[in-house]
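Next up, some structures in structure tokens.
Look at the two complexes coming up: subunit A is in both, with subunit B in one and subunit C in the other.
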Partner chain A sequence: MDIVVCIKQVPDPEIPTSQFKVDEVAKRVVPPEGVAPVISTFDLHAIEAAIQLKEQHGGKVTVISLGPPSVRDALKRAIAMGCDAAVQLEDPAFEGGDSYATAVALAAAIKKLGTFDLVLTGRQAADWDSGQAPAALAELLDVAGAVPVQKVEVRDGGLYVERVTEDGYQPIDMPLPSVLGISNEINQPRYPTLKGIMASGKVPIPVWTAADLGLSPDQVGASADRIVLQRLFVPVRESKCEFIEADTPQEMGEKLAQRLREARLI
Partner chain B sequence: METTGPTIGPPVAVALIWVLTLGAVALFAISARRLVRLLAAGRPENRLDQPGQRLQTLLVDVFGQRRLLERPYSGILHVLIFWGFVVTVLGSAEHLLHGLIPGFLDWPVIGGWGVYRFSQDLFSWLVLVGVVMAVYQRVVMRPPRLSLNLDGMVILGLIALLMVSNLLIFGARIILAPAAADAWMPASQLVARAMLGLPAPAVEALYRVGWWVHVTVLLGFLVYLPQSKHLHIITAAPNSYLRSVKPKGQLPTIDIEKALENDEPVGVSKIEQFTWKDLLDTITCTECGRCQAECPASISGKELSPKYLVLNLKDHLLHDEADRLLGKAPAANGATDHAPKEMVGDVIHDQVLWDCVTCRACMDACPVFIEHVPKIVDMRRHLVMEASRILPEWQKMLDNVEASGNPWRFPRAQRADWAKANGIPTLAERPDAEYLFWVGCAGSYDERNVKVSIALARLLERAGVAFAILGTEETCCGDPVRRVGNEYLFQLQAQQNVETLNGHQVRKIVTACPHCFNTVGTEYRAFGGDYEVVHHVQLLQQLVAEGRLKPEERLDASVAYHDPCYIGRYHDIYDQPREALKAIPGVELREMERHRERAMCCGAGGGHAFCEERTGRRINHIRLEQALDVQPERVATACPYCLMMFEDATRAKDVTETLPVADVAEMLERSTRRSDEL
Partner chain C sequence: MAGNGVLVIGEPSEGSVAPATLEVLGAARELAGKMGGPVAVAVLGQDVAGQAPGLIERGADRVDVLSDPRLSPYQADTWVPALAALIRETSASVVLLSHTQTGREFGTRLAFRLGTGIVTDCSDLQVADNGRLLAVKPVFGGNAVAEYTVAGDGVQLASLRPKLFDQAAPVPGHQGEIVERPVQIDPSQVRTKAHERVRAAAAGPDLENAQRVVAGGRGMGGPENWPLLDELASAIGAAVGASRAAVDAGWVPGPLQIGLTGAKISPQLYVAVGISGAVQHMAGCAGSRTIVAINRDPEANIFRYAQLGVVGNAKEVLPALTRKARELTGS
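What follows is the complex of A and B.
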């Protein structure tokens, strides 16, 4: 069973949000200095799910990430956990891509790898939380897709998948190949073994550009974006305190209810 | 030599005793050879260095029974039996030779000495006193550390038989072969007096009963010993002599590169991956349970019992794995129905290994110097680095250290913010500083412990000590990382810190954290870091003694000092913090029942500052109760983890108002404040 895992490197989500700054002119989030970026949390669960499937059914796990040279650390970590191969997608043309534009590059890379049985991603990335990439990937690869997934098993040549719902889960049968956006309920990502860490330094990680993927610069990156970011800012939260005055508690309660209704809160 | 003395029976009896003796010796030799071969399966390790210190252990702890005497009742009974054995073994050999060599009755030369006779007589009944005390302890007192089992009672019974028969033999001999030295044997005289009216053949018959009982039990012992916990009679002395004489806080360093190159394990998952000394430890265990009685995990109801950890390893070595290690195929029938047991996982559950707080109480309590903590860390190394099995919170802690150089993932760039706000210089700003103040992660980021860092800085300023900090160049020392089992990440941290410290040519270091103190001071040596590291209680006490710090403001309060494990048991720093506290006018020290060498851990060591306590009671609550028992008005300590654990406990028990907790440095700082600083 050959599995491709697409992962994203994000600013450390463990850092308190108050530490982040927003550059409103460049429409960019500026993480605090000296904080190393990490693999997005849900993507770690996707890596773990892929490794577990490989351990049960054999095959190969290839991990792909689009981003600057620092994403090689993320790819190495994935190999240290047990993935077999990794590809980095890097090209100035990829910059500024939204979920769809990034999915175009990822889909092209997956096709370039050859045949695959399953593509896994995190249900959404810990930075923007858009959750678009898995659906876009399924569409671009022309296969079935499901998000968010809390369980996946190989059954009768296909897949048994459980989608997380608000009050439980939805059991579905899916064909192979498919794209699944993995949710955190599925597993506990493993800690890399020492052998894994050492091996991760030895696995070559090729870098593919847009040209390598047969894509022209206008098909990817900012020029392929389907979302236009209007404004990026930290919303100001205001809190006002109002005293309800009355002579008796009963009167107070009545006035409070009236005030809440005026504010359309009840 | 007497020729008219008693004999053990007709010539056929002599033949019989030869057969029995040779048989027993042969059976013993077979068992001993098997044990030696099993020990030899372990990894090599040199345990013969520093013979002076080893000899001292032999004298003080084996012959002096120091650790046993820390519990007076069981200590005294053991001294009686131990010394009784050492002395009466001479008499027993005399008896045996009397049977093997017709005509032999006494040792040449010493046999006629009054002192020798007296020692045999005296210890025969002193051992009986010891045996009675031991039976009383097991049956009536029943301390939970001892398991009431048949093995123990059988052995005590046999010892009693040996001594009763001794007195019977000596008593009969006084009548049958009187000698000048008989006057030296008052107890045997009493026995002889009881036999006085009997005809000579009857006395000789009694002699023979005594003799055969004595020699059969003796030979039986020889056969039984290697199968029982009383093997310690043979192994305790060597095991103590071969104890670790390395600095107590220094875990073994693995050459990771070499191990990976040679495909060697970096942790211990199979019994033969322990060293031969680790294996000797397991078969030396006497099941006394002193380790378990001191262990904070056992006391608080966790799965870990250091006693059963060692006994389970012993059982695994002698039973599950013996055939494989001795190159014998497992029995063809029957033995294959159950799957082979994994040492880490089946024999020793993962949780047992996680439960340890590495406080060293077990190792200090063990009368035969068994080394529990390094074994636990060795197996944790397997779990973390080889098996990828780890507590989720510890995985997070390790990721945090890797990503941000501290266990909580505060940004590296903010490590020295506390110092900037308080005008404390970095080494770059003050390269001529005498002391580097190693702040540590808690002292840098934890709001409560930043107060301790500031207090210590103020004290050093007042005493005129030139100091500076590393600032953002400092990163986690690696103590929790190493102790939860990630030797690889620890070595990366150590190498980075040693490089920084050596780059600044640091020579003297002071720190407020016992864990940093131990790691930087004793563990960095293996990585080329050789510094004079002191814990602040040592430096502060010295500054007070030299008059450079003058505690003048009164603190009229009774104070219970809680000994942190990593300066107490690990480095024997007990007096300095107490002296520093006593220098504060008005302070009255109150000792908790468990203090100094026997102090109980706050519950945060060995990585436990970074995980939840899921089973049993909370260790810090128990420790707080122990403090409350002596009704102090303050608790003082000298460790960031202890401070956090105690304050967590006082909050939970709602005694924050009545029992403030402070670091020794904070209390001294308060007392040395000049009026213009108030």
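What follows is the complex of A and C.
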């Protein structure tokens, strides 16, 4: 199977709220000093799903990421986990792109790689949380798509897929090729092995620009945005918490029970 | 070119109207009040015409009924072309839907099929000076808020965060029209075959519909302390949930997780025990009417959201809280 995984590098979502800063003029997040960006959480599950399918059915996994030179660390980690090849997309023309504009570049890269059986990506990225990449890729590549996906199996030359629903899941029969937006329920991403980490240093990672993809600047980046960011800010949250005071935790517990009863909450 | 009014796309539901649809209808009426134009609701499926009168009673000026076996069970490959055709014919200015597991799939693909954009998982809808939609949504797990407009001057799509908006209230004597629409789907474009949804077994009261929820996080210390939480839940008739930390640690199963990518709850009472209140967690419970937090750390983020707080160790607070609660409620 030829599988392509699209991944994104994001500011570490685990940083404490107090360290989270925004530049309102530039409309961007200011990453805290010394905290390395990470592969977006759901993309890790997508990488793992791709590697597992390759292990079961043979084939090749290529991972793609659009971004500045730091994304090469993300691509190397994906290779260290078990992906076979990687491509970085980088060009000033890509800047300011929303999910759709970014997907235009990704889709062009996927087509440049050749035929594919499956495109996997995380159901949403842990920065802008828009969740639009899977649908954008499916639409641009003109193939079937499903999101969010908790299970994928190859059956009878096609796919058996389970979409997550609020109270369970929905089974769908899908063809190859398809685009799937992967959800965390699907697997536990593996850690790279030492052998993998050493191998990842040797895999060449080409850099493709808009021109390499046959795209003009007005087809990508901010010019191709379907939604326009007008404002980005950190909401001010005032605390209005009434703290229950008492000498011991046990007394606090009892007082809390009384407070809840008085308020008719229990 | 932009049209007029707001079109709501109903959540897939055979028989009765889904609560998510009523939330979006409520938001649509408020938006149409500011923007002008009628409010319409589209219902898709096999047996959906019966939903129309109830929607009109709650303020829909028009209900578009798309009734066709190909639309049930839901799948993107039939819903997207059917909706694209409807929207081209009826020309609304704004199309709204709920950001459910289904809406997040078809809403996005529909926007791109129409050559326009969508702002997903919105927490508020405003009108910009030029009359276009200004959609507000939490980003970066909830650490920040972003405001977006849809590029161009065509139809604007937005999906709304579930359980955040109030359901549309009945409008006594409200009249509206019911229109049966032809369903236009090119069979060669239907590449998938969807099957009926499978309900996963739920243990205890349904978390997302519970009126009272207690949840535990890393501060519970370990799975051996979880019975203390279960007993509180039993004493006050609450469903039990957990933070992602407790699930990742393997203390409790995944379906208990409340958060940005877990269950979304909006109970009357939410008791968060040993939960720091990271924004991704609050994204799942900020709709709660009253939040009570029990945490050893007085600086914990959860206290910025809670109305009532106890700074203390869960293991010491819970037994006394449970005992007193049982005594006061006679349970």
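Note that in this section the second predicted complex is superposed on the first by the 237 of 266 C-alpha atoms of A that agree within 3 Å, B and C clash if a C-alpha of one lies under 4 Å from a C-alpha of the other, contacts with A are read in each partner's own complex, and residues count from 1 in each chain.
Simple rule for what comes next: a contact is a pair of C-beta atoms (placed from the backbone, for glycine too) under 8 Å apart; a residue touches a chain by one contact, two chains touch by 3 or more.
Since we're looking at a predicted model, the values are computed, not measured.
Which of the two partners, first being subunit B and second being subunit C, lies in contact with A:156: first, second, both, or neither?
After superposition on chain A, A:156 lies in contact with neither partner.
What is the contact status of A:33 with respect to subunit B (first) and subunit C (second): first, second, both, or neither?
The answer is first: A:33 touches subunit B but not subunit C.
After superposition on the shared chain, which partner residues are touched by A:247: those of subunit B (first), subunit C (second), both, or neither?
A:247: touches no partner chain.
See if subunit A has more residues touched by subunit B or by subunit C, and give me that chain.
Between subunit B and subunit C, the winner on subunit A residue contacts is C.
For A:233, decide between first (touching subunit B), second (touching subunit C), both and neither.
second
Can you name the residues of subunit B that touch subunit A in the complex?
256, 260, 266, 384-388, 390, 392, 395, 398, 400, 403-404, 409, 411-413, 472, 488
Report the residues of subunit A in contact with subunit B in the complex, numbered from low to high.
Subunit A reaches subunit B through residues 12, 14-15, 19, 32-36, 38, 188, 190-198.
Which positions of subunit C touch subunit A when the two form their complex?
Against subunit A, the touching part of subunit C is residues 73-77, 100-102, 104-105, 108-109, 111-113, 116-121, 128, 134, 137-141, 143-151, 191-200, 202, 206, 208, 212, 236, 254, 260-261, 268-269, 278-280, 290, 292-294, 301, 303-313, 316-325, 327-329.
With touch defined as at the start, can you tell me which subunit A residues reach subunit C in the complex?
11, 13, 16-17, 20, 22, 29, 98, 100, 126-132, 134-136, 138-140, 143-148, 163-175, 181, 183-185, 225-235, 237-244, 248-254, 256-261, 263, 265-266
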